[in-house]
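Each chain gets a letter, A, B, C, D, E and F, in the order it is written, and its residues are counted from 1.
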């Protein structure tokens, strides 16, 4: 039924290549099937002006798609002179999600920027970004702890994200581009290891859905994230 | 328990003043307590370039807060030279929500722009905007039908939005600013008359929530929207 | 002779609703007939960088038209990414006019920003803005004096503005949109209670005018402002 | 009494060097004392989109100060990425003034852009710009008529501008920078040969002025413009 | 003598991974040591407005560094709202270089955009970009020819680029970051297979150089490019 | 053979009018035939933030073409809201070139900005800018030394620039616009008195060139700069 032949609750293959770039304090190239995102964590001693001299840190995210990561070339946001509303919405989501699992007191007065650059897009780029950003963050914080810059681990839990949707009437897990562009409803879940929800963004496209539909999508997401947490564990141990 | 003394499932007073401005094809000043938003619907014959000559219409939303709608003055986006990520996120949500209840074939090749300008802010400005925008849209479409420009009603249902949140451990309906800035979780629901969901955006702030929490917020939202649909009916009949 | 049936020296009805919004230190919704402008005064402790540590204050103005305040919708300046030349010209005029009646020493090191947002436009929005801004300023300064933040009243006089023009050969007072768009000459006067002139901006449109014409317009403006000063007095006492 | 030793009704020396640049259809370098502005008229066959296919023309102005035309260097507007409110105000004034003496039907469907670039500033740059722009326009139109592109002269009259002000209590003609920065009132007059007024912009700075003051400034301007019209005649014959 | 221990005329290892992304008509990830650039070629049927309906094509380049491709994080150009002068200079060079080896008549009315995105920077990113862009272009043109869209090969020759410099008095080939930031002179050569020069950009940094120095750098570049042409041949056959 | 009738190694007439504007610490209007550039040097006590409190100075360049300096009018960069890639490339070159002959320690903590504004363009505007900028710099530094603000001369040598190219197969010196727009190759040389090279930028246009061609162009440039150094000497003594 699914264009890819996957079962409704079957995710695409996840691969994670850590230390993909050498300058960043933490980095990985994460793939969900053909979706590939380069996530880097950069540690800086300075925090935004409104946070200075409070001894607490900050975590923020940035997101971009390379112009030809998509089927047809998109114009470069730097050339257009501004980031699209979609880009800003996604980078706000990335930052908010990662901050949900960081204790800013323990991080101390430093900022970690998570850059998520989409190398190739095939659906689910924002959820892959959040998932990969956690790995880059984990690696960067490990480095800070090894160097003795941080005493106690500021990361309180794993966090991961996955998209689900209702495709031709059936709830399915981990939408690829073909499904995403034809889904009746599309939901992104950001979940914390242990069963808590950090964020739900569920949108009807054309059709609408009801309470039952929302719950079924949430349960698929919980199944998917269980697998993702294992992959994160493996990649960062 | 609530700063305002309201019961957990008690909304603020809703007032709707239609035809607040004379030039727009539809307009209202909608208030949820001290939150006041001016919503106008403007009908134009031209649609965006990528939609031309297809005989179908488009509905889009714009959102802005007046600089001193808030407790302390915010700088004017026009003066800064760009709209914030928050503004863009909200206006995308307004447009998407309203499009969920419009049949673009029946609308014909015309665009309706829903401008939501916040006169005074006290929490819930985006949900008040969606609710008020539907009224402005309804009035503008009524006008088009009275003029004979449109034969069949393109609006398929009422749509309304409300925010809920977990405040000091209790799920509460229709957050005001005092609650919103201290809530553990904050969710905006866009619901369609008849029980369908158009959009859910639920975010943990500090704490997180679980499936049970999400469901309880959804049920509060369903109660609140039932009242809002009545107010919309009254205002537009 | 006038489209509205008014006598040449007859102004439109003026209504002033003070405290229209609750957050601003001073605010009013001022109407000249169908022209309605929301004016708010915001007091901030910081002054522009080049004025710091001198113990003197600053008064500045900002102006905007809501997209559908006009007959046909105008695009939103924040979306276009810049303010038009007309907007900048008007907000410079508002700030300059109000500064003409404020003693910056007595104001002390604080800035008052006068936001003039046009809710509905029917000619004369800049003059209504100046007139309403004075009221908002008066209310904000009253508040500062009641709180004891300011000892001596920094406002030296009332200031008001009105447009006059030559319409079909006849000098007329307080142009509405129908007149404004067809006038031979159009002049905005900013007058100070007591007979002084703060600013004259008189422009020929199509036809030109001479010294005699300029004087007749000035005298109409003086008559009109006499009434406006009374309305300001009433609104702020 | 005046810093320059001039009599109250004495203008600075005016020099006009026509054909200062070779590419423009009309050009001059105009000086009022140390104020020097390069004015060029560029003829293009295309008019703005909203004027096309109507057979009528358009005249517009642009204005800029070279970064070091002033006492201390100002940052370059192109580098800052936007034109200041002052620049926009002045270029709107230049265009409006010149259009007051052009018959757009006779000009035919072509646009003439008047670029006024201030080489050196010592007060009165906007009025020198208008005065010089008329010369550049006259030369460009002469060229079009010599080439037979235009049959009837579209220029209906000479137009010139001059600033006057109240300096230490005395009305004076043609303010230089020292006077301008200390004047009590400052007025720019755009006058048409024959006694008509195209534009008055009179502003109180610190002090205010009254009807009598306005009239005395207007009469000084009329005296000054009489001399300027002679200089324009001489330069373009 | 060189920080890397390389001989003066020794290049870094070149690796080329073609088809690195699946959507682009041509793509490669090219590495010169630790410098890694993703180059993609995107074919579009539309050309810039000024070239339409002439039957000839266009080749253009864009360049960007990922924020953390460098030792310390650089701010994202899309977030800053403009491309730096350096970025614009480089992308002009990429486009100009590639156009030097394309027959625009044979390409036909289509545009090929070469996006060069630096994944990791260690000196020589602009020369790696040009070299990799040729490969992406070659692959994209091969695809057009296989599809029969183009009859005759529009690519007239191979083109490659390399940087040379004078480091501690010695001319060296293929500068890495450590050398580049301390070189006395720095030159980028764009050479065409067969001995022709497309572009030379040679700059003294601190010290200067003379004719002899320039020639020695050119000869090193010729040696380096001979190897690069082989690598290009291998990668695209 | 050359459109101007000049011999291949013949430069255009150079004229230099120093002190062309009165406010700048140093200024000249430099002409190479019909190419005329106004160069001013502005001394400021502040240096860029990253250089503060180090006791060393900075020299930077800015470049602009007046809209009608060219054959057909170009739009104004300040109106477009950004500087073109070409402009940025040229102003980076001007700054880099002048810094090559200034000892920043001896200059002390001050910035000198060299503004090069093209009044009339006929080819070679960037090289005329560099040549004239040196004169403005020399005059400004002389002034600082006369005032005793600087003890030792920070200027280490003269620097000049000239363009050469291959026109109809022949290497020629000092291209004018007619030659520049039809040259097979075009090279800009920035040379230091005494035989050193500061910068070479050589580009093939259509055709390419080889080592021999590059050398012949360099030798023409050396001849031309010998004359320019004399003109600089004369103008500044």
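As a working rule, a residue touches a chain if its C-beta (ideal position, glycine included) is under 8 Å from a C-beta of that chain, and two chains touch if they have at least 3 such contacts.
No experiment lies behind these values; they were computed from the predicted model shown.
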**Asked** Just going by residue numbers, which of A-E, D-F or E-F has an interface where over half the contact pairs are the same as at A-B?
**Response** E-F
**Message:** Can you work out the whole-Å distance between the CA centroids of chain A and chain D?
**Reply:** 59
**Message:** I'd like to verify one number: the distance from the centre of chain C to the centre of chain D, where each centre is the average of its C-alpha atoms, in whole angstrom.
**Reply:** 28
**Request:** Please work out the Cα centroid separation of chain C and chain F, and write it as a whole number of Å.
**Result:** 50
**Prompt:** If you look at chain A, which of its residues touch at least two other chains?
**Reply:** 81-82
**Prompt:** Put in order round the ring, from chain B and then through chain C, what are the chains?
**Reply:** B, C, D, F, E, A
**Prompt:** Inside the complex, what are the residues of chain F that reach chain D?
**Reply:** 21-24, 27, 34, 38, 40, 42, 44, 62, 64, 66-73, 76-79, 81-83, 87, 113, 115, 117, 119-121
**Asked** Where on chain A is chain B touching in the complex?
**Response** 82, 84-86, 88-89, 91-92, 96, 100, 187, 192, 195-204, 208-211, 213-215, 218
